[in-house]
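Some structures to go through are shown next.
Two complexes follow with chain A in common, the first pairing it with chain B and the second with chain C.
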Partner chain A sequence: MSVVEIEGLKKSYRVYQKNEGLLASVKGLFHRTYKEVEAVKGIDLKVEQGEFVAFLGPNGAGKTTTLKLLSGVIHPSGGTARVMGYVPWKREHAYRRRFALVMGQKNQLWWDLPAQESFRLHQQIYRIDAKDFDRTRDELTELLQVRALLGRPVRELSLGERMKMELIAALLHSPEVLFLDEPTIGLDVVAQHNIQQFLRHYQEVRQITILLTSHYMKDVAALCRRAVIIAQGQIMYDGSLAGIVDRFSGHKVVTLAFADDEAPDLSHFGTVVESHTPKIKLRVDRPKVAEMLATVLRDHVVSDVSVEDPPLEEVIADMFQSAEASLATNKS
Partner chain B sequence: MHPNYFAVFREFARNSLVREMTFRGNFLLDCVSSLSWVFMQLGLYLVIFEHTDQLGSGTGWGRWPFFVFLATTLFVNSLVQFFFMTNMEELSDLIRTGNLDFALLKPIDTQFLLSLRKFEWSSLANVVFAAILLAVSLGHLEFRPTPLQGVLYVVFILCGVALLYSLMIALGSVSVWLGRNESLYDFWFYITNFSRYPMEIYEGPFGTPLRLAFTFAVPILLVANVPARLLAWPFESQDWRLAGYAFVASLVALVASRKLFYKALAAYRSASS
Partner chain C sequence: MTAVVADLASRCAVWWTILRICIEERLVYRGDFALGTLMRFLPIITQTFLWTAVFVGAGGPSTIGGYSRDEFIAYYLLTYVARAFSSMPGLASSIAAQVRSGEIKKYLVQPIDLLTFLFLSRMAHKLVYYAVATAPFALVFYLCRGYFEGWPDAPTLAAFVLSLLMSFLLGFFLEATLGMIGFWFLEVSSLLFVYMLFNFFFSGHMFPLTILSEPWRTIVLYQPLQYLAYFPAAVFLGKVQGPALVEGLIGQAAWTLAFVIAARTAMYYGVRRYSAFGG
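Here is the complex of A and B:
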């Protein structure tokens, strides 16, 4: 049985359509127009035990809403979901004891107190045995290198340190399923890397199931083998990370360096991305790559050549843009 | 396995105390400001009793019985403030900002978690003041309450706390549907103003409707009136009826407000990240 099983899950909100200006605001006191916004439009998904799945999509795609539905924070408008056999929005204690949700933009620790005080509170709420609590806390603080910061008030911690403490708070009860909503948002490169390393290690050792949303492709590439792309509340892709490029990118990036400082005009083969004589970088449609290389190698002296897939970030950004454009077209 | 509610409660109390001690200047200011308010109240009634023997003719609320009443009001309000006020004030914000999400993840009763997270330790200064005022006032009364009345006094103080808490949590729950509910504290203050006086003064064309409304519709007049009567003078048969009603009303209020709270949680829509 899959750990996460979602069928036809929907969530829509009724949103007040406010017009601009004072007169419209006064009118709104007596008569309001509402619009139904479908944040999640009937998605199906299965996640197996021990998977680390990336949940990708542009802002407003429905990623966070899906995680909140799976955490039981909000109720769905339709469809079903089961996590470890539990219906999340029934909010059973038995379920709540077995999963955790970490949100990069919100914090659950007591702001004015050292994180260790919040940890102790978690110990009581989750009824964690004192020895288990000490062992888990020590292990997590060692791994995340924040042991010396346990006694410092949360408000005095940096964003990265705070996120590490949030992660510890979420993991103290050893959840079997972890939902991570943009855990590295706003962090510098070093802090991002530390958290990635930690999550990879923790998941490998504990074999827990993790669903991660992130806008940083480095997070995704470092941690997940499977990616689910959601846009406009629907799943557009569910498969391997590598498969995204194969499926959604119609071009390759060809870089050529010419031997005798020449800079031939190659724009008829594709879009020139960079040109610094004697180096040229082009975006070329996949079917044309072989023909282009044969022609260039025949007519010019080439000192170096590379043919690469476009970066994952670029492919996904293009995909999101086309999804948003199609949404705008549908609206109009 | 159920959470150990007592241990969690103790942790809440401890964390709140540590937090208040961290900002000791603010803590002292809070104590001074709430005590000043109490002293002003007491001063005002001392002035009033310079001009009259009792509040309302034939009501029986002379100077010392009324100070028993005042001490009782202080007890109830300070206890409500100590346990619930900060949490209820924050509830509306938690709902609006979506920070309620975290409370819904915890394997513990959500109402318990949200109602008792933070204690306002400075309001204990008022509890101490109320205890002194009660002891002094009782010393001046000719009537001596029995031990049973003493026990019942505590029970009905708790009923008063339950009534006011139920009103608060019901008002806080409404925030889920309103989206924003900044007048919660103001409304609370206005409505509890009525509970600070003996119910006998609500007579006449304006007073009677108020007395009926605040006894049967929103029974806040029972909050201080029932326990204060237990100590201020011999309990009579009509007082027992009122006490019985207060007990039932506080149970009904607790159950009804809990239902409303959970209905609100089911309608909670969080906020965008």
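Here is the complex of A and C:
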């Protein structure tokens, strides 16, 4: 049985539509127009035990809404979902003791008290055995290198330190399923890297199931093999990360360095992205790459050449744009 | 049976930890807290002067609504004690603010009852407040001892303590219910303003409710706000006795139960309606 099973899950909100200006505000006192916004439009998904799945999508795509539904914070408008056999929005204590939700933009720790006080409270709330609690806390604080900060008020920690403490609080009760909503948002590259390393290690050792939303492709590439792409509340892709590039990118990025400081015009092979003599980078349709390379190598002296897939961010950004354009066309 | 005891022990451990941490949090900003606590005593002085002026100035009446000048001031001091139990500053507005900002979801994902948590948190606030305010309260009452006819008898004192404890419960669940309305309207400050206005007059905070003329007197003695200030003070002064006292305590218990149910119901439907605003 899958750990997460979602069928036809929907969530719509009724949003007040306010026009600009004072007159519209006054009119709004007597008559309001509402719009039904479908944040999640009937998605189907299965996640197996031990998977680390990335939820990708532009802002407002429905990623966080899906995590909120799965953590039982909100009720759906339709469809079903089960996590470890539980219906999340029934919010049974038995379920809440087996998962954790970490939101990068929300603080769950007691702001004015040291994190160790919040941890102690979690021990009681989640009914963690004293020995297990001490062991897990020590292990996590060692792994994240924050032991010396346990006694410092949370408000005096840096953003990166705070996120580490948030993760520890979320993992103290050894959840079997972890929902991570942009856990590295706003962190510097070092802090991002530390959190990534920790999550990868923890997931490998514990084999827990993790659903991650992130706008940082480095997070995703470092941690997840499977990616689910959501746009406008619908799943556009569900498969391997590598498969995204294969499926959604019709071109390769070819970089050539010429030996004699020449800069030949290659625009008939594709789109020139960068040109700094004697180096040129261009985007070439996949079927044309072989022909292009053969021609260039025959006609010019080339000192270096590389053929790469386009960056994942670029492919996904193109994909989001085309998905939104096609949905806009369908609406009109 | 053993499982039930174990479960209860575990719950008590959770409650104690929440209480302890809430107390610790309350003590962080000690300067602000101490100043806020002490400043609340200032109105006592102004009210004492006011009612003295009403009674003795320009040959005023000997009693108003059955209260002499001394009883009036004693009443006013006792409503301060009652309000130290029943007032819940910031409770409703903080619930609504947490709903609006989305902060409330941290309580929704943890295996804990939100209302129990808020209750323990408020209890911690009150305990710290009493710890700091007991000495100033004792001093004020000592200085004003001349306004009192002495201690009431033991049953009256017991009824007074019971009414104070129930006023705490009633005040908490009443404000929690108002806060839960935030699940529907997000912003409840205007509603709270109206509530505070009604509370100010109809809780008996400003004057004994029995000085009102009919039919207002009968009407206000049927509404729940009277139990937040008027009723405990009137019990201590012996203004409510015998069957009326029992009836009053039953009425207070009934209103408390009604607001426990109202707060629970509002939370149940509110959480179902909740859309987790704020990302």
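Please note the rule applied: the second predicted complex is superposed on the first by the 323 of 332 C-alpha atoms of A that agree within 3 Å, B and C clash if a C-alpha of one lies under 4 Å from a C-alpha of the other, contacts with A are read in each partner's own complex, and residues count from 1 in each chain.
Throughout what follows, a contact is a pair of C-beta atoms (placed from the backbone, for glycine too) under 8 Å apart; a residue touches a chain by one contact, two chains touch by 3 or more.
Since the model is a prediction, treat every value here as computed from it, not as a measurement.
Trainee: Once both complexes are superposed via chain A, do chain B and chain C end up clashing or fitting?
Mentor: Here chain B and chain C cannot both sit on chain A without a clash.
Trainee: If you stack the two complexes on chain A, which partner ends up touching A:101: first (chain B), second (chain C), both, or neither?
Mentor: After superposing on A, A:101 lies in contact with both chain B and chain C.
Trainee: Under the contact definition given at the top, report the residues of chain A touching chain B in one complex and chain C in the other.
Mentor: 13, 64, 68, 71-75, 91, 93, 96-97, 100-101, 103, 105-106, 108, 110, 112-113, 117-118, 120-121, 124-127, 153
Trainee: Across the complex, what residues on chain B touch chain A?
Mentor: Per the touch definition, chain B meets chain A at residues 1-4, 7-8, 10-12, 14-15, 18-19, 22-23, 98-99, 101-102, 104-108, 110, 113, 266, 268-270, 272-273.
Trainee: Chain B touches which residues of chain A in the complex?
Mentor: That would be residues 13, 60, 64, 68, 71-75, 91, 93-94, 96-97, 100-101, 103-106, 108, 110, 112-113, 117-118, 120-121, 124-127, 153, 181-182 of chain A.
Trainee: Please name which positions on chain A make contact with chain C in the complex.
Mentor: Within the complex, chain A contacts chain C at residues 13, 64, 68, 71-75, 91, 93, 96-97, 99-101, 103, 105-106, 108, 110, 112-113, 117-118, 120-127, 153.
Trainee: Across the complex, what residues on chain C touch chain A?
Mentor: 10, 13-14, 17-18, 21, 24-25, 28-29, 102-103, 105-106, 108-112, 271-272, 274-276, 278-279
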